[in-house]
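You will see chain A twice below: alongside chain B first, and alongside chain C after that.
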Partner chain A sequence: MPDKTLTFTSIAALTLVISGGVLPQWAIFLVTVSLCYGTVVLGMILLARTGLVSFGHGLYYCLGAYSAGTSKLFWGISDLIFMLLTAIILTATISFALGFLLRKYRSIFFAMLSLAFSMILYGLLSKSSYLGSTDGFNVTTQTIFGYDFLDSGYARYIIFLITTFTAWLCCFLMHLYLKSNKGRLADAVKDNELRVEYLGASAAKIIHTNYVISAVLAGLGGALMAISIGHIDPEMSYWTTSGEFVFITIMAGTSSVLAPFFGSMLFTTVRSFAYEYSPDTWQLLLGTTMLIIIIFLPDGLWSLFTRKKKHRSV
Partner chain B sequence: MNSIVAIIIDGLVYSSWLFIVAVGLTLIYGVMKILNIAHGSFYAIGAYTAASLTGSWLALGYDQSTAFLIMLFSAVLVGFTLGPIIERGILKYMYQRDEIVLVLVTYALFLMLEDIIKLIWGVNPYFLYQPYGLLGSFEIVELTYPNYNLLLIGCAITIGCFLTWFLQKTRHGKILLAVIHDREIASTQGINVDRVYFLTFTLGTVLAALGGVLTAPMISVQPGIGAETIVMAFAVVVVGGLGSLPGAALAAILIGLVRSGAVHLFPDLDLFSIYLVMATVLIFKPKGLFSAQEERQI
Partner chain C sequence: MLQVKKLCKTFGAVTAAENLNVNIDVNSTIGLIGSNGAGKTTFLNMITGYLSPDSGSIFFRDKNITGKPPRYITRQGVYRSFQIPQLFDSMTTEENLEISKSIAASEISIDGNQEAKVESKNQSVKEILEKFQLTEFQNQTASNLPEGTRKLLDIAMALIMGPNLLLLDEPTSGVAAEDKFKIMDMIMNVVETETTAIIFVEHDMEIIKKYTNRTLAFFNGKIIADGATKEVLSHPSVKANVLGLTSQDSKL
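Presenting the complex of A and B:
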């Protein structure tokens, strides 16, 4: 069967771009937020395929958001592209450094150590009055490639376009990566590390690479979120935020690069309606859904689409 | 001088608290290999139950000192209701799954319980201040401390000693150790592992609830306390080595003293210090201070 994922991805992105012209503001906002979440979760599925669950990806999500948010403060530049670049560079550097450590850990220990790092950032940010402590601060994005778009009346749509483009690009590259030899090793590491080593590949290096990729995606997601919401706070690094990413990863499943975006759309849509109608049962709904998925659909919602196509071979 | 004494006393009180909230978690992990995120909810439910039950009991005009009995009763009540329901109803069917999947299952339970708490008790804070003042206070180098702190230290030591005695000296404890060591071998020796899991989970839940109950007089009981506490308990358990009782005790003392030092000397690093200890210990001892040898997966 020919691989149609990339065609689907591009069609979906194109549809979004066109429909962005007619959708109401709130819907554009919702889609933008979903795409930001989706980008973060795209990184999480790469980790999940490597057999790792991080309860601390809020670290990079928050770092990305803060590096975008503080770019005006530190560099005096509030250009959208520059903000994204700083987020990429910062998260790549930090995850590369922490990766040397984290690549030695698996399972619960990986989850807990990454949680510890994200809580360290939370502790630091919530005490730094310079950056607004627990309240965070507002982020203004003035220009894009030097063009002042904020007051043009199309600010929201431009941000939406950039987010869609980034998400599409990440999706595209991730798909190619997963199909490459190196990407395929992720599943192998999950299945049996020792055998991967016998075959001559280094499990530690694969984990390290995938960790950095997922961190950069989380950083990008965070930066885009900061730009589109216009406000950031340390809560982004709190462990419950990371828990949300884990939730979407589990809910959507890891079999396709489109799954995280599908999952995030569902997640943010249901959440905004739940907040509207019954704010106190939102987590109850989340928890119940998660349990049901773990029990009945261990491969996530996406497996509903692919299940029929697969031929079972014994 | 004063500040050193203050750091040590605050540190010990905080350590005791940490130990009480973490001990159930480490016990459950040791026996069942479940890192139970829902522990935080059990803690919160314990605190809420104690606050509302004791509050209404005292409102009936009973003697104030009976408050402690009601608090204890709340812990037992919560533990013996929630523990069995969750273990028999959900976890029982998950034991063959991966450790990390079990973490996710308990995370799902945690999310559900967080909202169930809000549905039962609402979102406004509860206060249970009576027991805190009831015991009076003591003075040490010009610093006044409520005696309630001593009670906390006493409880931590009692729980620690009781569990050590239980595990080392009693028949049931030895059965538990056998299951911790090797589940399959234990079951071939005729040990009913299923029952051991059931009892351990219930005991762990009682301990979590007890943590909440003992904390209730010191805080305002409000949504979010479970999420705050469970990450601290994680820190203790992971630093100590998952499933290790002496490890949890040592980790609690270590983290307690470091945090209290941070609070007094560098107040900005309060929360940061706990996770710094956690990260540092994990860097040098990847499986915590006291950890069992593990076989390599082939």
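Presenting the complex of A and C:
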């Protein structure tokens, strides 16, 4: 029997690929941002499943963006694939190192320590005039697999394709991971670390692994954002950015790999309209939404889809 | 298979273990008795690595396991259940067993030590569910199970890989008196064929008499008697310090 989630993910991705050719520019923009955010939040749900919330995933989002953005500067290469690879390698390396410290902490201490690291990066980048300080700089992506596509007229569409493909692939792999024996340990760690240890596994190692995976996803999201939008700045590492990821995670829920994308789409759409038509009430809207969700849908919006099923099985 | 030498542990002014010396052979069923706070759980906690002793040593199958983390000791084949059940509360009974099995069977190496992996004397999840009469609860979330069933599941999780040494902390506590023997029978039924030694803490002397061939009596962190169950139970100091308390309790 084909997996419903995977089938749906693939259909959604295909639909995007096809409609990408005809959608208006603003819609493409919204979808692209949602896919980038969704990829970051996909990592956040893995952490949440492990029982952890990071208030500093902007760190990896920003690192991913900057490593893609500085690829030309440091390596003399502005190839899309190369830029994504540098983001993966950089975020994997840094998160692997920081993971040794973070895996010793839980709950608010984990959240705050993550926040601290992201603010350090924010501080460093804001002070580096070399990298444009708080203004950041523009990112140009010249080639893909060495093929110069910038002036072909298809550059936007190709970048959109790559973003969609990457998001789809991450979603697909995460779904398989969460269902695998290794992935299911996330829930086990969240439920009872003591028991996990007494079955012979290391909770710290499981947390470390999932932390690195979530960091790489955040890095990919950041790199794709840099490539798609063409501009990056230290704000990506600011705590409000990390806060948005946490917001979407809680709003969307953690039970499905589709929830992050669904949540991101809703978030970015509402935000862009709110900014345009009523910029002063955006915060109010955010706060009220969070309140309603926490009270009425503690498992997130995604639980609206799964509710019926649960009732039947009880 | 288990050698405990000169084991000591204090918590501030409380001496929870004082010069414990115990040798345990394969194929034995051993009861731990003693009043509340006598040091029985502390003894199990030190063997399984939850607490490190202040001094002394613990060898399992000639390997020094003193002060090693629980996951390392578990991978040597030492499994335990808990006085308060430790379950994966958001998962169903079946998932609890499946995940236990998958962790225990996975080839995660400890300290790069590949041989530390548990050799799999596999029991299937289905078999365990049947043997522990948990089949009717298999799709229920662990947090919704009745207390006695939680206790049973906790023990089943320790048993699923067929441990070489099984440590049970009060397997029948919180269980109605008439069900105690049934539960012990279920455990023994799985254990006898699958494991080589079992140590369990128990307050009910009828259970101790029926299921053990050797008993250790704890009092104030010391082992005051160690030997054949019959002899230990008739030992004067055990009568006074362990059983004496029980008869006083029943008078109240």
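Keep in mind that, in the parts below, the second predicted complex is superposed on the first by the 307 of 314 C-alpha atoms of A that agree within 3 Å, B and C clash if a C-alpha of one lies under 4 Å from a C-alpha of the other, contacts with A are read in each partner's own complex, and residues count from 1 in each chain.
Here is the rule we go by: a residue touches a chain if its C-beta (ideal position, glycine included) is under 8 Å from a C-beta of that chain, and two chains touch if they have at least 3 such contacts.
Please read all numbers here as calculations on a predicted model, not as lab measurements.
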### Query
Does the superposition put A:282 against chain B (first), chain C (second), both, or neither?
first
### Task
Could you look at A:181 and tell me whether it touches chain B, chain C, both or neither (first, second, both, neither)?
second
### Task
Could you look at A:127 and tell me whether it touches chain B, chain C, both or neither (first, second, both, neither)?
first
### Task
Kindly classify A:152 by the partners it touches after superposition: chain B alone (first), chain C alone (second), both, or neither?
neither
### Query
Touching A:202 in the superposition: chain B (first), chain C (second), both, neither?
second
### Query
Does chain B (first) or chain C (second) touch A:194, or do both, or does neither?
both
### Query
Of the partners chain B and chain C, which touch A:291 in the superposed model: first, second, both, neither?
first
#### Entry: Touching both chain C and chain B, counted on chain A across the two superposed complexes
192, 194
### Summary
The answer for chain A against chain B in the complex is residues 53, 101, 104-105, 107-109, 111-113, 115-117, 119-120, 122-124, 126-128, 192-194, 239-240, 243, 246-247, 250, 280-284, 286-288, 290-291, 294-295
### Summary
Listed in rising order, chain B residues that touch chain A in their complex are 35, 90, 93, 99-101, 103-105, 107-116, 118-119, 123, 227, 231, 234-235, 238, 242, 268-276, 278-279, 282-283, 286-287, 296-298
### Task
Would you pull the chain A residues touching chain C in the complex into a rising list?
181-182, 184-185, 187-188, 190-192, 194-202, 205, 313
### Query
Residues of chain C touching chain A in their complex?
48, 69-71, 74-75, 79-80, 86-91, 99-100, 102-104, 106, 108, 110, 118, 139, 157-158
